[in-house]
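This report concerns only the one structure given below.
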């Protein structure tokens, strides 16, 4: 489904150039959950933004190929990109409060991709939105539909964000550290939700995090990034229990656990 | 001047301060300072030398168009417009300076005290300031003119009082913010008294916020003064004022448009200079 | 609803305070009131008798409430200079001034919002940079000067009989008022455009715009459908404040264009020390300012759900 070949992302501001992603290759099959882990600054968020076409072209240049079912995102112009965004690619951002418009109702924000990409009537849209809202386990969808972001808790807002990203049944769902801003119990619920979404709707998930515990519970495969390069990749269990690279070993040993490691 | 990084509480340099404005490409500041500087220079020069006396009338040269003899032309009484404009601008600048001084000094005093000590006085005074600023100032000025009469010094007093709230607000905001920073806490631990903290530590750090306010103050003061003297309420004859001249010039608009145009041009340049200066200063603050 | 009634209550209280202050301000000059009636040669006994007759010796609050109840019923006293009821004098001139100010407000809103949006949409382009310079210049032109220039235009373009008869016909009135309203509005339009542009660009940097892009919005549609609603809030407040400032500018512009409206009446009454007229006009203008601010508050609350407290 998704193939990334030799992706380089260079940021250029007034003073200097910085290469955030230095030639990485990725592959994802349909309906797979791929984890992208690394510390802050490893380039994982930049990679995600490049894949979803959200990199500001005046701030950075991307070279390489990003193929989504054969379409190269990097050589897309604005129009072609807009056909993909919100339709075949959905994004869930890190912190739901600032990533939602404070003056618009939840319902109106969730249905946006339908408004842009489909010809449904308002009534049809509302029906679909309510359906997806209950699929993401939002209580009282009818009521929440008319509420504003500041009236919801972080966990509920994140579910709303996920609902908004799923409206058009995208092929790929990009999640950029969606659980980092939430507390631990809500985190677990969101992880379960994403697993269900992946199974039921067969949507591929690219899950970015620096929290290895979460990645271990959710992802089928894992890719480890460090300083803009891929350091290790493989099936989750293999990477966690039999890490090959030094960096990976250090990363894993840094996870606090109750058991002592041998 | 000790400036502090709020997050780490270190004594690191936070604001680049005012000197940074001379590095970098702040176009607004540069153009603003050029215009203002040139005008101030010309006005100061005019206090010692003018091509003609502003009151000297020449019956043979009424309403002459601009020429080498008379740079801006002559008015309906044969007086040289350029010299009169310079004198009027000088009056305007003098009034504006006094008004800004009054507003700034008293406003800073009030603002720093209320910002530092807070409490009921703070709430009440700030409400009062808000109501005064919500009200169109010229209207209040007109009412006060009824009470105090017209004239140069009355206008200075009235406008000065009306400008106090805007300075007080700005200073209060900054002082209230600085009051909680770590370096003040350290100063207190070292035993500094309130007066010392306010005047020696906090106030110098408010200068970067104060400067654009002062510049805008000049901007508004020139505008207010010109409007008031146009209405006949400010500087009285025989003193020259830009607004008063404008009122006279209006009668000759079709026969001698240059009369009104040059006066207006000088007013516009004064305001433009100060507003660009102010804009440049606040952009400098914003980028810090 | 609770928020609305609370604000309404504050409005009424503010109006009371404002009218009280206006009333008190004019009580500082009772001696003048009497001497302007009797002339400067009046003897102290004549002054004392007059004071008693005019009821000036009663306590301030009594006089205030009497004045207030009269005022609310429409009785604003008689002009000292013309010996006409003040409310008649004002009622004649009010429609003209009202047209001027409302026209200026309408111009401000209709011009600044589209231009502001356009500049934000094409920020950094040639037109944007050109407009920045133009704005800076227009903001520095005092309404006084612009008014005089446009007055010159009026003299050349409009036929001379126009200035006598324009108040007879509504459309002629509007036609005549275009240039005066423009002189008032232009500097406010510049400031509003600048504010809206900055506000919009600030909003476009915020995170929720990224979410909008990820759903498929283009830059233009994200700006119009998301950023605008947020960015318009400070602009609404600014336009309300402008409505107050424009009242002042209109006083001056009425002088420039010799429009016989409230502003001109005010200036003339100040010059002739016709206190009751001045007092009535000041209270009316104060009411306008306070009311416009109140309406702006309500509008902000309507747009931004976070402000609503019920």
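Order of writing sets the labels: A, B and C. Residues in every chain begin at 1.
Here, contacts are C-beta pairs under 8 Å (C-beta built on N, C-alpha and C of every residue); 3 or more make two chains touch, one makes a residue touch a chain.
Note that the structure is a prediction, hence the values are computed from the model and not measured.
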Pairwise touch network: line, ring, star, complete, or other: line
Chains linked by the largest number of contacting C-beta pairs: B-C
Between chain A and chain C, centroid-to-centroid distance (C-alpha), Å: 52
Whole-Å gap between the CA centroids of chain B and chain C: 23
Contacting residues of chain C [partner chain A, same complex]: 206-208, 210-218, 221, 226, 229-230, 303-306
Interface residues, chain A side, partner chain C - complex: 52, 54, 78, 82-83, 85-87, 89-91, 93, 95, 98-104, 109, 112-113, 116-117, 148, 150, 161, 164-165
Chain C to chain B touching residues, read off their complex: 22, 25-26, 28-29, 136-137, 139-145, 148-149, 151-152, 155-156, 241, 244-245, 247-248, 251-252, 255-256, 266-267, 270-271, 273, 275, 278, 282, 285-286, 289-290, 293
Touch list for chain B against partner chain C, complex: 28, 134-139, 142-143, 145-147, 219, 223, 226-227, 230-233, 243, 246, 249-250, 253-254, 257, 260-261, 263-264, 267-268, 271-272, 275-276, 279
